[in-house]
Amino acid sequence: MNTFGHLFRVTTFGESHGPAIGCVIDGCPPGIALAPEDFVHDLARRATGKTRHTSARREADQVEILSGVYEGVTTGTPIALLVRNTDQRSKDYNAIARQFRPGHADYAYWQKYGIRDPRGGGRSSARETTMRVAAAVVAKKWLARRGVTVRGCLVQIGDVVPRSHDWNAVEGNPFFWPCAEQVPELEAYMDALRKSGDSVGAKVVAVADGVPPGWGEPVYGKLDGELAAAMMSINAVKGVEIGDGFASVAQKGTEHRDVMTPDGFASNHAGGVLGGISTGQQVVVSVAFKPTSSLRLPVEGVDVDGHVVDIITTGRHDPCVGIRATPICEAMLALVLMDQALRHRAQCGDVGEVAPRIPAARDG
Amino acid sequence: MNTFGHLFRVTTFGESHGPAIGCVIDGCPPGIALAPEDFVHDLARRATGKTRHTSARREADQVEILSGVYEGVTTGTPIALLVRNTDQRSKDYNAIARQFRPGHADYAYWQKYGIRDPRGGGRSSARETTMRVAAAVVAKKWLARRGVTVRGCLVQIGDVVPRSHDWNAVEGNPFFWPCAEQVPELEAYMDALRKSGDSVGAKVVAVADGVPPGWGEPVYGKLDGELAAAMMSINAVKGVEIGDGFASVAQKGTEHRDVMTPDGFASNHAGGVLGGISTGQQVVVSVAFKPTSSLRLPVEGVDVDGHVVDIITTGRHDPCVGIRATPICEAMLALVLMDQALRHRAQCGDVGEVAPRIPAARDG
Amino acid sequence: MNTFGHLFRVTTFGESHGPAIGCVIDGCPPGIALAPEDFVHDLARRATGKTRHTSARREADQVEILSGVYEGVTTGTPIALLVRNTDQRSKDYNAIARQFRPGHADYAYWQKYGIRDPRGGGRSSARETTMRVAAAVVAKKWLARRGVTVRGCLVQIGDVVPRSHDWNAVEGNPFFWPCAEQVPELEAYMDALRKSGDSVGAKVVAVADGVPPGWGEPVYGKLDGELAAAMMSINAVKGVEIGDGFASVAQKGTEHRDVMTPDGFASNHAGGVLGGISTGQQVVVSVAFKPTSSLRLPVEGVDVDGHVVDIITTGRHDPCVGIRATPICEAMLALVLMDQALRHRAQCGDVGEVAPRIPAARDG
Amino acid sequence: MNTFGHLFRVTTFGESHGPAIGCVIDGCPPGIALAPEDFVHDLARRATGKTRHTSARREADQVEILSGVYEGVTTGTPIALLVRNTDQRSKDYNAIARQFRPGHADYAYWQKYGIRDPRGGGRSSARETTMRVAAAVVAKKWLARRGVTVRGCLVQIGDVVPRSHDWNAVEGNPFFWPCAEQVPELEAYMDALRKSGDSVGAKVVAVADGVPPGWGEPVYGKLDGELAAAMMSINAVKGVEIGDGFASVAQKGTEHRDVMTPDGFASNHAGGVLGGISTGQQVVVSVAFKPTSSLRLPVEGVDVDGHVVDIITTGRHDPCVGIRATPICEAMLALVLMDQALRHRAQCGDVGEVAPRIPAARDG
């Protein structure tokens, strides 16, 4: 199951330190202008090595388009994208190959398959998310033509939360942080953390504007259900919320339910989804990232023979994996919306199979 | 998309106040003893009308097995289950048919399909979950033979949390509450809430014991990813957590990562899943339910002509939908595990396609 | 795998002599008028007991619509259809339960599942096709609004072939035979065959008119590929052809390739499909049915203990199952086209995502 | 829909004259030894340019394994295979880009997508089948360990049929022809054909030995149904038969039904499949290929403006595409069996979920 989506299907492949990673996008509508340069911006945002606060891997991440594009335009046939891994250090993985790093998938993979690729985490590495971001570039182009845009930011690092929320600040700092004046504090916080050898978690929020009402499906193909699966499929994610999420538990019904007026909804506790279907409001999803498991602080662990061993993870590792997860959350949001848009079009048509039998509310 | 699962596929159908609801279970292994009586216990646990704290609908919920069982044993062919809706009140839905109830899917369905079935919420009613619980009865039988069991309880109602946690207490009260001495308080709390006409949210935790390491798939078929989708597909759910969930955000890496010892894991912050694959520990998932949207307290709203109207929801409604959601969360956990078990068996075989190339840790 | 289709998904259930058969249609567009009466005509055409030339089972085959329709119109939610089996004779199946009837699925099911439902063939009975015809009624309504129609006829029984081909003759005789003057001969042929206790095969052709160019997908979702799967999934089918089919083997390229003119194609050897995609011509598919395996003539066989036994199949059985297969082939053609239409709409939009970059040929 | 299979899923990509073709194999069991050399033999058998009887394209077809293999063994993660197109002639496709070649997918693609890649047929080229053969190499390795093997041969070219059938002869001539003494005649036949500028069709038979009883699924996942889809998805295929195929139409039931004896089946008219499930006999599938559409003989056609134009297809083209289709048919047979094997294992377990309730016939 390395395919995401039902109609806009993205199949990814590749291990962190194998020869290459890539993806095949199947079901993409024809007629979208697409060139290798289109991937540069988003891959750079996701890229490691951007600042001292994220890990030092320096990959060009140059995307080669292998198929599905002719004369700069998508043809409707599968689009294969390839990124060579240029930074595969030829170090010896033998030690780690026989150890189970705590917080990592080593033990689980080994139990499942009886074998694992220990090089840089293999398939379980966050490197795989490069291709999600790449695939979402295509989706975002199609969505943008329909007025749908996605963006995201960090809303918590460890126990630090933004003091204010300004979307314009987000792209101006390496933390995707929405409060500009807080950035120096955050830098100091991260410097201290990195110095200590420890790590923290983070919380990302991703939102989509312009989603028309009616995207999503009842029951098992719910827009929020697929968003939950999409976000939980990102490395290190431990929780997903739509709208008010877990805060809803302590809310009263009179407080939570979003009242409708002739001018639209008066609030958005629901996060833009009711009954699994978009309401026309902003779609809001929050995602919890656990702290990085790879630490240079040694920890007792077990090797494949059941012996106690000291485990030290060397190499480059972000002290907070959540920081560069913002573009990945945006990407997954875009991929889910793209897929739901095509599914909606299949069943209900572009302009609706039938005229609504009763006139639309003014707000639409 | 009314089908859940890839190999153990459950397709549900039916509207709340239509003639019947039902499901088709496809891909079920042969040889499982199955009789109509097997459904009684779990459907009763989920059933409405159990106490004064849940809504008053009184349905027999008698399951008819239409196919897939011969001489009391599953044959491997699709199992169709049918439950007639005996409590369809023939009331006039015309008023509500032209109104959009806040917090409900009315507006979203109408925008999507240009038409909706207003009778009792139609397809978006929680009545649909009856069939999830029924389907999970079959899954739980198969899982139990492999030592896998699921259970659940409430861990928050509004802002009330358990003072202690005793699994033995859970089935002894109508709230699936793990602290027996707190039950009278909860009853008073709920009585006051019902009297006020308002509602609250709730948080459910569901756990699976006995899950062997190796179930789940990397990347898009992750065990936790599918759990997130499964839980978020339940009515009124706004958040899902695996293990420590959102608490992970403020944790340090040294705190969160579960250390392995020759006797097994020393903690379970991960909730039994690493890299999307089970680790052999208890699988732990938490689910946030929003407060019931249907309230007898009137609220201003909009009708299909865009006019402001007073919306009053009459009829039976739980002041806290989360209470009877516990069996539903258990059911979804069982369905996900069943599906992942079959998928694991397909790719890796019952006993592993190959012997692990390195011996297993003692803990296994 | 009891589901057919990707976007217009039909899941069937039920055994020949179980309590009921039924199906769930998922993904159906909203707004299609649908009533129980709509199924009468096509189910009667498929029904057994129509004439002395087909088997004597007399089922009312009354379709109950359990969900997905409100006030006579499809709502977009799953449509469940149920047909009770009213003619389940309570005879003893013990004898046959331990025997493997030649030409039947008895042995294969038993080897696969370790268990089988011997009552009337259980799941492998052609009774399952009732629900295909029922589901296709819905598809045909949607297709008809777009000018797409399907029809079929018999073009061979044993070694008898039509002397002429008149579509108007087809519905006027119990054989769906396109040559009216030949019908008395056929009746004599079938009477003699039934008297002999033996059976023969048949060949059905099904055609679709009005299919626009562009339906179908390259490579694995080809229109002809899905037609082949659809037809081969019908009981007793052993071969499928598109257009000239096996006759193409002996043709020259100059003969087979259909020349295009400004007024359209000059011939249709391809059967309306090139590269897996419809060309706008008539879609033509031919299907080979094997002779009925159930014969009252005894045959030596084997029972489950490996002993040689005399096998005699009593009960009602058509001497030529292909005769009433015509409506089933039409149904499968309609289901494939419906599914491909929705898939085309998903990827390419109703009117094309982009204007063709070069003007269309006059012929369209 | 560029993915084949449900559990052993092969997603192919790439155009004939684009930068590369490739595939991703998802769901492959771990522990299979795999190296680039493993692909050489089968790709050479399929390769163009082998003899003067097939087209002159000379591609190295060197397979690069991009992922899913560690230290020479499959890991259970997706296996990506890449073949660079080394023989992309930089010729001008402008002329052909505005013409619709008869018998080709040009017009259908253009109508579907509003755009097409004219370079060498783009996605509709038989070059795509290279990846099917490559993917099947992996499947065949797994199947071979279970005693399942596939092979194929030509049984008709134009109106020429083999005078004898000797499997040992097949690999000894460029036609995969089972009658050695006939090969000189065939060579003369093909030389004359090529000289004439015309082309002919061909018929291929592919068989699988060692398939255990029980593979396949009832109704829509039938083994024969999936074989039909698989074969019909190959370029230029117009017909598929299982076992006796269309010959069954004229057979009597007493003739067709395969009698079982304590020593096994006495005949194999069914082609190894009953009720969609394997019987333990040889699985036999026959495939009709139409004559090559690309001919150097000019033909009147239409261009995108609707004008009549002379169409001449230059470049390399086999006068009989069916000849090198034999390895492709074998490949599709292997892919279907692999997928069905995994599906059977998922539902019924490696050794059966339950012991058969009645002892097995001696024949098994």
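Letters are used for the chains, namely A, B, C and D, taken in the order the chains are written, and counting of residues starts over at 1 for each.
Keep this in mind: a contact is a pair of C-beta atoms (placed from the backbone, for glycine too) under 8 Å apart; a residue touches a chain by one contact, two chains touch by 3 or more.
Note that this is a predicted model, so its numbers are computed, not measured.
Student: Using the touch definition up top, find the fewest steps from chain A to chain C.
Tutor: So the least number of steps between the two chains is 1.
Student: Hey, what chains does chain A share as contacts with chain D?
Tutor: B, C
Student: Quick check: how many Å separate the C-alpha centres of chain C and chain D?
Tutor: 25
Student: Between chain B and chain D, what is the gap in Å from one C-alpha centre to the other?
Tutor: Distance between chain centres, rounded to whole Å: 45 Å.
Student: Report, in whole Å, the distance between the mean C-alpha point of chain B and the mean C-alpha point of chain C.
Tutor: Going by mean C-alpha positions, chain B sits 38 Å from chain C.
Student: Would you mind listing the residues of chain A that make contact with two or more other chains?
Tutor: 1-3, 12, 27, 30-31, 76-77, 112-115, 123, 218, 343, 348, 353-354
Student: For the complex, give me every residue of chain D touching chain A.
Tutor: 1-3, 9, 11-15, 18-22, 24, 26-27, 30-31, 64-68, 70, 73, 75-80, 82, 112-117, 119, 122-123
Student: Can you list the residues on chain D that touch chain C in the complex?
Tutor: Going by the criterion above, the answer is residues 1-4, 6, 12, 98, 100, 102-105, 107-115, 123-124, 128, 156, 158-159, 198-203, 212-222, 224-233, 235, 237-246, 248-262, 269-271, 273-280, 288-293, 295, 297, 299-308, 319, 322, 343-344, 348, 352-363.
Student: Provide the residue numbers of chain D that touch chain B in the complex, in ascending order.
Tutor: 7, 27-31, 76-77, 218, 342-343, 345-351, 353-354
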